[in-house]
Structures are given as C-alpha cells and as structure tokens.
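Two complexes are shown next, each including chain A; its partner changes from chain B in the first to chain C in the second.
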Partner chain A sequence: MKSLFHTFPRTPLLVALLVVLPAITARAQDPRIQLTHLDHLATRASETVDLNFDERLILAAAKIFNDKDEDEAQIKKLITGLKGVYVKSFEFENDNEYSSADVDSIRSQLREPSWTRLVNVKSKKDGNVEVYISLTGSQVNGLTVISAEARELTIVNIVGPVDLEKLAKLEGKLGIPELGVESTKPKTKNEQ
Partner chain B sequence: MKSATLIKLATVLMVASLWANVSHAIGDDFNTVVKMIEQFYNVKHEGLPFLAKAAMKAVGVGAKVKGGEARVFAEAGSIKLATFEDQEFNGDFLKFRNSLNTALKDTWTPLVQTISREEPEQNYIFVREKGDKFSVLVVSISSREGTVVQATVSAKNLALLMRDPEEGVKTIKQEATIVDHE
Partner chain C sequence: MNEEYLWDKSGEPDPEIQHLEDILGGLRYQPKPLELPTDIQPHRRNRYLPLLAIAATLLIALLAGVVWLRLQTHAPAQKLEAVNEQPSVPSSSPSPEAVVPNKPEKVVQQSIQPRHRELVASNVRHRTQPAAAPSKEALLAKEQLMSALRIASEKLNLAQRKAQGPTPNQIRNQHKIG
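Moving on, here comes the complex of A and B:
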C-alpha cells in the first residue's frame, strides 16, 4: 500500500501550512509586544522597572477591587476587558546609554499592518513620545507607548480595548508611570 | 500486553508524574528560592528564631506595618520568612533574575520586578491564586541583606499591592520582619 505522503506528495506541505498559518495569523494580530530585547539595558540603567499584569491578574483585580472605594472603582472600570498591561522602564545616569537600535527593536514590531501610529499625540514630559494603536477592523485591541527621553526609556504595552483617555486615567496607577500623554486634537468650538 | 493497555498505562504514568512534579514545585518554591540565593550568591540564610516564631503564632499574624496607617497585610500564620543579614551579594543580577524567573515561571505569575543599581537593590513580587486568597512571594536583595517572604494575602490586600506594587514590596517586607509583641 502506498503511503499517504507518497499518494499525495503535497500533503506534508499542506499539513505544515495548516499548522503554521494560524500561528502566524495569531502572532500578527497579537497586540502584545516582546520587550525582552531590552533586558540587557538593565546592566546600564540605574533603575529598572518591569511590570506584568497578565489577563489572570487583571481578572483577579477586576474581581477584588471594591466598588465602594472611589479609586478602586475607577481602576476596576478602566481595566475591565483588558488582557494585559506590561511596562518596562529604565532610568540612566548619563545620556546615550540606550541606542536607537534598542528603540527600533520595539518599533519593528509596531510595523505590523495592525499597528498605526497616532500623530496627534504629545507629552507634557520632555523627549520623544510615540503612541501606537492596534486595530482589528475598527476596534482598538492594543496600545503601545514609547517614551524616549535622554536618560529614560519607558515602554507601555496595553493589550485589550484601550484608548488615550483610558491610558491617561491609568497613568500613575497599577505601576504605570506618568507619561503625560495627551491628544493634540484641535478643540471644537464648543470646547473652546 | 495489548497496545491500547500500554497507551493507557503510559498516560496514567505521565499524568501521575506531571501531577507529582507540579505538587512538588508548588510546595517547595519558597525553599527553592532560598537555596537558589544561597548558591548563586554563596550566602547563608537565617530562619526565624524559635521565640520569634512562637510570638508570631501567639499574635496570629507576624506584624504590623509602620508608616502611614498601620495594617496587617498577611493572613494569620501564613508567613514564611528567610533573611540574609550582613553578607555580600556580589553577582550578575540579570543572571539571577533569569534563573529566578525560570524557576518560578510554571507556578507563579511575576507581578513587578525592580532593579536599582544605585542602592543597589533588587525586588521581585510573584503572585498566584490560592482558593479565594492569594499567595505572594517577595524576594528582596540589597548589597548586604536579603529577604524572601511567602505569605497568603486576602483579595483586599492584593488589591492594595496591585494599586502600588513598589510600596507593596516595602510593606510586605516590613511586615514580615517587624514582629508585633502586643
């Protein structure tokens, strides 16, 4: 009897594609970015903070935050639906302790088609702040902030439905640093 | 022996061995971390003196937190503590961090990790669910001192820890090392 692979010579290729394609698609749509490329900076940084709120912890937090406590109720509302909050932050004693290649290791992941850079965003802090959102159709399913100052590099990656307003409210909470991010969208007549 | 029986037997053995491994890992993480620190930094830990342990049991909870509103973080009788005092902690902290994360990755979720080279100090908080409560494993290492604390905390106290993880490390560390004799 002929083997299956002999009868259908393309079967191995098809099987491989069936196994690999979903993984590739999932990876392309996954708004979680890899921050481990930056780990080596910890040897040069004076302060390093690495924060991981994965889905399990967020679900736990959503259950345990008390609605009667104003602060906790607000955080609960903000994190409900999120699938992860990841922060990596480095503070350096001197300028130029991190390279553009370090930042590019993050930017390169944000070149996936699902990511879009928001141009109408600035920060109250010095330095360069880039904000990217990940979209599935018209739904935002992730946000990444790269805050690159002369002596500080911070990456915030939020997975799940999030917008700038939500991010601004989360600043200073759950270990998320103050980024001073705000939209520079022109005000409407009513707002002026 | 029939192949179906063999497969069943192999499956049972595999499941049993996995279960045993997980149980072993969950049960021994505190000791694993203490031993890892001892081996990595060539230091020796000190357990709690017998009298302090007795005092903690009598009080029910290890300590009260000083600074701000005094509160009890850990559940009664839940604290495991190992301290390293007046010893040299010289070593590659990134290598240590990687070893620690690798050792705990299957049984704990890393919440926050901070490294300060100025102080120098490393702090790690790992969390996992324990019924309706949570287990927290805190590892804190400075240039001459180290602390490993494993404690069971209520959901409310985990919420406090999540709201301000950095402050949470200090709080749990203080709580585990200041015995309240009241």
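Moving on, here comes the complex of A and C:
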C-alpha cells in the first residue's frame, strides 16, 4: 500500500475524489427541493397544510394498503419506489399575503438541466400553475407543482419515479373527489 | 613461473603459488546455506498487514452499516409497538378524526420511558407474527399520504385543465372540494 502511494503520489487525492464526487453528483441530481423558505407564511395563513413523507413513512403506509382492493392496489403501485412526498399549502384570508420572492425561492431550485418545466399557465384571474419534472433518461424521477393563486399557495414535491398519468387519475379514487371534466361518452338515443 | 598452472592448473605447480593457495583456500567459496548468528533475529516484514488493514476497515464499515440499518428499522417499529399498547386503541381501523389528535406526543412519551427499551426484544417476536392489525401511526401515515396524493393529483389536473383551456362542461361541473 505504501509503495502504491509512493508510486502514485496523487492516489489519496484520487481516492478522495472518487468518494466525494459521486456524493456531490447525487446531491445535485436529488429532485427534492427545500420548502423551508415558506415556513414564515404559516403565521399569515388562515389554513396551512404541511405534509412530509420520506421513504420510510411511505413504506410504512404502503404496508397497510389492501392489495385486494383495486383502487388501493393502484395507489400502492403508484407510491412504490417513491423516495418522498412533500406538500406545503397555505390559504390566506386576503390577497397578496405572499410575495413573488416566496415563489421565486422555490422556482430558483428548479433549474435546468435537472428540471424541465412541463406546464406554465399564467392567469391574472385564476393564478399561476407551473409543473416541473426531473428526468433521468426517459424516466420521471421527480415532480414539482407550484400553484400560486391570489389567496392560496401550494407546492407539491414528489421525489422518485412517479407515473404522472396514474397520479392524475387518482382523483375520484378512495374518497378523493374528482374535479375533472365530465367524460364525453356518446349519449344513447334513450338518454337524449 | 609456469603460467599454464595459473591458467588451468596443468603443468608444474609453482611452490609459491601453492603456498598462497593453501593460505587462501580456507576463504574459498563454499556452497552452504547462510548461517546467521543466533542473537540476531531477522526482521520479517508482514506482507499481509496492509491487506489485513483493508479487510478490517471494510469489516468495520460493514458492521457500522448493519448497525445503522438495524437502528433505522427498529426506531419506527418501536414507536409502532408503543402505540399498539395503548389500551384505548381499538383493534379495528379507527376513523381519521380519532387518530389524529395528540398522537405524536404519545409516541415521544413512550420512547423516553425506560420500560419501552425492553420492547426492543419483544418487538422482534411481534414482527414475526403473520397478521397484525395496522397501528395508529400507520393508519395516520396512510391518511396523510392520501391527502398529499390528493393535493398532488388535484394540482396536476388543475394545471392540465388550465393548459388545455376552459371548456363549457368543465365550468359547469366544477365543484369545491374539502
């Protein structure tokens, strides 16, 4: 070993780099975002929802989903493999209780190339909605939704492989109310 | 002086040379193993020492990993076990409203009591039981996870609808949730 270090005097440096670099790279690709910047809004909000689920809690919850129930089985499949689900939502009594800097503190963490903005809808009346995804190859390994309305600010951050289609279809299952558009089934003659 | 004798020991030997040969003959090379003095111990360098050091380091790292993993898996199990021992908790699935209040405080109180430490041993036995009713904490985690997924799904669909633009059906069928 000693001769190895004598032969290659930079070996310790290389070993240190081999240990540190993957950790730094993994940290840089971590699709979890920091939401603690928004904690101060809780004092102004009339209602605050703060849900933090790391992998351990998700696994604990997944164990009690009933595989025989079709809906629960689908949800269990959806959450399997997730590393974290983090939600912060603030509802305010009045308009303009949060600033654009608050939203920017989240948005600044969602930079390319780690993150790609999928949807960006701006509306003075209904507020803004942005959807970001983090991709590893063709696999979505992170999702962040920023919903900034006049009296409500909601941030959703899901870490891990997430199926967007299945997640979107979750509305209406297991008591989750459905907001979606009425399905446009062709009406029969009797119904007309 | 006969040079042939010096060359290949043929011919007549020179007495002077023979005398020198007798004197120096004792110092001639003898093919025999080296004999070290008994009071000198040869310094034997252990070639396996670096390998042993590496093996020991890997072993310690492995042990540390196992201990860490066990701590990680035991910590939530202890909490779940502590909650299960509350007499007021029904075995069937309780309503979310009954589950939510003061639950984290119960967990903390249980975890700091000395009696709870003994549950580590019994906890292993309990975990091997095939069917155990879901604990309050797991049910609470499930409920809250469902809430988180509900919000995520709702906001995702909201973004999708806004991106697609309003339709007459959409406006008519929207209703407030919660």
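The working rule: the second predicted complex is superposed on the first by the 134 of 192 C-alpha atoms of A that agree within 3 Å, B and C clash if a C-alpha of one lies under 4 Å from a C-alpha of the other, contacts with A are read in each partner's own complex, and residues count from 1 in each chain.
By definition in this document, a contact is a pair of C-beta atoms (placed from the backbone, for glycine too) under 8 Å apart; a residue touches a chain by one contact, two chains touch by 3 or more.
As the structure is a computational prediction, the values presented were derived from the model and not from experiment.
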Tell me which touches more residues of chain A here: chain C or chain B. C
Go through the superposed model and pick first if A:167 touches only chain B, second if only chain C, both, or neither. second
By the touch definition at the top of the document, which applies to A:143: first (chain B), second (chain C), both, or neither? second
Touch test for A:116: chain B only (first), chain C only (second), both, or neither? neither
Please work out whether A:158 is in contact with chain B alone, chain C alone, both, or neither, and reply first, second, both or neither. second
According to the stated criteria, A:75 is in contact with first (chain B), second (chain C), both, or neither; which is it? both
Have a look at where A:48 lands relative to chain B and chain C in the superposition and call it first, second, both or neither. first
Between chain B (first) and chain C (second), which does A:63 come into contact with in this model arrangement: first, second, both, or neither? both
So, A:108: does it touch chain B (first), chain C (second), both, or neither? neither
Residue overlap on chain A between the chain B contact set and the chain C contact set? 49, 51, 53, 56-57, 60-61, 63-65, 75, 174-175
Could you please specify the touching residues of chain C with respect to chain A in the complex? 50, 53-54, 72, 76, 80, 134, 137-139, 141-142, 144-163, 167, 169-170, 172-175, 177-178
Touch list for chain A against partner chain C, complex: 1-2, 49, 51, 53, 56-58, 60-61, 63-65, 75, 78-79, 85-87, 89, 119, 121, 123, 126, 129-131, 143, 145, 147, 154, 156, 158, 164, 167-171, 174-177, 179-182, 184
In the complex, go through chain B and note every residue touching chain A. 93-94, 97, 109-118, 127, 129, 134, 155-156, 158-159, 162-166
State the interface residues of chain A toward chain B in the complex, per the touch definition above. 39-40, 42-43, 45-54, 56-57, 60-61, 63-66, 71-72, 75, 93, 173-175
